[in-house]
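Shared between the two complexes below is chain A, which has chain B as its partner in the first and chain C in the second.
Up next, the complex of A and B:
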């Protein structure tokens, strides 16, 4: 099973504005977690993974007209798709390029900034329609003249992982030849207050997989990959392959994960099966590892059930970027492909003490070794669990 | 690659205080009832006993009720995939949660501020640990369902798919559910789907 070729990538996150900056931060164990500076909130003590560019600065970089109606998610997405285009080898996306974007927030940032201005200030009314999550996707598509298959996926924190899965499926079933897949989510008061109300935000930098973990840090990011059918890849650089994918519902609770990690277990099993691999073929796991009490235990149990005593090296990169919600699957797909490209395993930051229940230790410092196969997990509210497997191109 | 014809096994519509199963009107309440009151009436009419219903937001209630009625409360194939979409996402609950942010943000509302929580609710009710996806489209898009569902069958991932368009905006609900399998029903194509979805005339 050769898997679907990845021929371009682009990213913007709290640890960098492009692939190179993200790679350097990962390599140097440099996190992007700070108190909020761009997001205006009274919860200024809650650490976040924030991109230190205002919307106006992003709009200037992207040469948008003054009266543009791009939401922050759209700005971040366009920024990263521009990078993807640059390194894809195309001047512009060929006719018929599809676009599948995941988001959990859409344009809520604009609604919460301007809701009370709409009646008095007509100039803000352009943002009313921006509330629709499909609007953000359409804006991105419009920027690049993408007029083929365009759709938006909203399955919480697995949204962009599902976009990657769907893109790979559509290429393998012959429905699309070329598709941009990924996702974008920005920080908002809505999510900061919401996650805080669930009491799962840490007041310190998050400690994924640590016994003393006290919750997650929210983050913002956009990440996109270009997937292409085999006949278009000759003579072009293939960065890696999507060789397995699986999705399953945990069927346990609206937002919490089950104790035995059944949804995660099934998603990983399906992905291995799809890739035609067994657990021992996996060199490294980019875990979901949000830093909440519930997720990290449930995910650890699922890993034990799949891999037994021989759990591959694993780490969560949420300590670098925060949990970027709908973008997390794509961000971590890109980190996985960087691992494969450079033969590096990026550390799980802030880890000190193994969890009592499982005794598992993630990788805590950068390691250099050949990586051929990576499993990347993304689990979302609503029980939506997705696992992707990336392989080196051979 | 396999290219078997897929079939629409059955369908259900909930809109304007009415419930239709396979095109037949099976329940009707007074026009103009609030969504909450109408949903309670459907729940009672169906003699359902599911205490989790009362904790759900209205979008999840619509998805739950539609699924109960369409499947007579039983989904035998636990690998049945759920392929759902809507236009307004979870907007009604988003607004309700945003209002609580002014004083004390409500965790019980926040958990429903995502449209795919409905798929979690259906999966919990029927103990499905199958594949789920939720799309946001401007309007009902038959081709999106056909493309995605066909790919699932082509990859031999599934034998049954429950598809759903469940939209709720300003007390205006629009629910269209249907089941897809390899055989036994009408042809699964754009024309048939549109015919089933378009407003019913009497």
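Up next, the complex of A and C:
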């Protein structure tokens, strides 16, 4: 399958405020993990991938009026969609551009900030609706005048991967000619305390796929891609193609992944099937690799089941950005497209010892080689497993 | 895409099912309406029930009933629309976290707070490893799930899809909706909703799930023709948007027999419905449902349930009538819903 053309992208994460900065950090193995400075929390010792711009600074950059009601996720998203718009070659999004945004918690940052203010302080009530993910998506849509097909997918950590999948299907079915897909999630006390209560946050920088891994670091980011139907791509630069996708449910546990990685196995199989590829066609895997005991083992087992002894080069970029939850699928889609564009494999940071159970070693330093086909995995709570395949445009 | 048939239906709302047959409706004196409790124990183990929030309970119950109705064991995909998700668990975790100033917290309510808890729990219960997505776009959450249904049916191997809408209420979070004017300031009875002439509405909890199939059965309810969503539309453009949507299905507004409308008694935004009730659909049978079951982000799934029943039973339910026009043999139904003037959804159903 030729796949759906990606004709624009934009990103903001803990390792950079645009594509170029993210690329330089990836290339130079420079991580963005620090203690929280913008997020106000009691757990200030827990490392996070935080974007060092306050909401007020973001609002100034975006020229928003003082009385705006953008959530932090909306601010990050608008910042990255602006970059997407600039490099897409359009002055503004043409009429009929669709928008599918993935997020795990939407604007719950506002709920936790103002939970006790609403009854006494009318000025904060503009954020009451912000709790629900659709509100954040609408704010982004409003900023860019997108008034048609606008929706939100919320499937925890696979949200934006699913948004990319659905967008590609909307283009292929002819329902849309052009659609912005991706996702945004910001750091919140709600998620930090939630993951902390599950005891899966590492107190050090995370060690994806390492035998001594002790949990994940949360992160925040927004990343979006523009997907366009074939008839609009002539004379435009096509950054890569979404050529395969698949979603499956692990149907094992609300938060834990199965030992045999059934959901992941099925999602990867579906994506390969959709792309018309076999395992040996994959040059590189951008793994989900969160750094938790459970995910990395389950994902490794799934990779062994798919690829047997010939597992392609793989790495997790969560050591750079932290786990950006609903945004992770889009962030890693963009990193995958950068890999294809520059012929670079970005390293799995902090790795030292292979897991006893599988003995698999990820890529640990930057490699330069031609990359044509990348598999990117995103798995979430609720057993939600999504795999995407990106190909070089030929 | 193959044609898509509604083969199984189930709903839970603040009204008993027989309100459709003409049973006197429940009258609520509060502006927040709770769903009637059904016999959950008949299909869900008591030990599981104790841990479940209302949204999960209602959804799992309706899912099992809708699958049974269609005689389907395991669907090929599970799609859920929920605008506000698992609010009860979100509220519990949020309250504990803030009150303890980020102290020691039990993870249970956090685990169950994610928006796709419902979809995940249904998959877990059915042991269904198929495609599983959750849409959370305000009042077009269910419609978004329906759009994904259409996409999944493009795969010829897909035979049955479970799709539904659900939203629950929770004490504080739903209460906040009174503060920002979403819920009416004055208490009203639900049956008087359309005479209120004030801002705001009445908020409720509900769930409705459906087994959609690529195969028509003798027991099928209706055919699901199409769905469309629009983030914002000017009142003056609503008629032309609807006509454009109908036209892409080869249908004229004159072909529509019944319109099911999301009027919710909020005088600021009911003008969208006025426009078409007094305009293109003035000569058609017009139905409302929010004076019966209240407003929530996924309640258009209840309208879908009504539409399926009307087309199968060929009967216009008296309790839901907005005008006196009748229709003996309803063949085409349009459902139109929006919330606060945004997130407009159109659904077209047809009799078999």
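The working rule: the second predicted complex is superposed on the first by the 394 of 394 C-alpha atoms of A that agree within 3 Å, B and C clash if a C-alpha of one lies under 4 Å from a C-alpha of the other, contacts with A are read in each partner's own complex, and residues count from 1 in each chain.
Heads up, the rule we're going with is that contacts are C-beta pairs under 8 Å (C-beta built on N, C-alpha and C of every residue); 3 or more make two chains touch, one makes a residue touch a chain.
Everything numeric here is computed off the predicted structure, so don't read it as measured data.
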item: Room on chain A for both chain B and chain C (clash or fit); value: clash
item: Partner chain in contact with A:332 - chain B first, chain C second, else both or neither; value: neither
item: Which superposed partner A:248 touches (first chain B, second chain C, both, neither); value: both
item: Chain B versus chain C as contact partner of A:134, first or second or both or neither; value: both
item: Which superposed partner A:174 touches (first chain B, second chain C, both, neither); value: first
item: Dominant toucher of chain A (residue count), chain B or chain C; value: C
item: First, second, both or neither for A:156, with chain B first and chain C second; value: both
item: Clash with chain B (superposed arrangement) - responsible stretch of chain C out of 181-189, 217-225, 235-243 or 271-279; value: 217-225
item: Residues on chain A lying within both footprints (that of chain B and that of chain C); value: 104, 106, 108, 112, 131-134, 149, 151-156, 162, 166, 169-170, 173, 175, 189-190, 193-194, 196-199, 247-255, 262-263, 266, 380-384
item: Chain C-touching residues of chain A, taken from the complex the two chains share; value: 41-43, 99, 104, 106, 108, 111-112, 115-116, 118-119, 122, 125-126, 128-129, 131-135, 137-138, 141, 146-156, 162, 166, 169-170, 173, 175, 189-190, 193-194, 196-199, 247-255, 262-263, 266, 380-384
item: Chain B contact footprint on chain A (complex, rising order); value: 104, 106, 108, 112, 131-134, 149, 151-156, 162, 166, 169-170, 172-175, 189-190, 193-199, 246-255, 262-263, 266, 380-384
item: Of chain C, residues touching chain A in the complex; value: 1, 78, 83-85, 90, 93-95, 97-98, 101-102, 104-107, 110-117, 119-121, 123-124, 126-138, 140-141, 144, 147-148, 150-151, 154, 172-173, 176-177, 179-180, 182, 229-233, 297, 342-343
item: Chain B residues within the chain A interface of the complex; value: 1, 82, 87-89, 91, 94, 97-98, 101, 104-107, 110-121, 123-124, 127-138, 144, 147-148, 150-152, 154-155
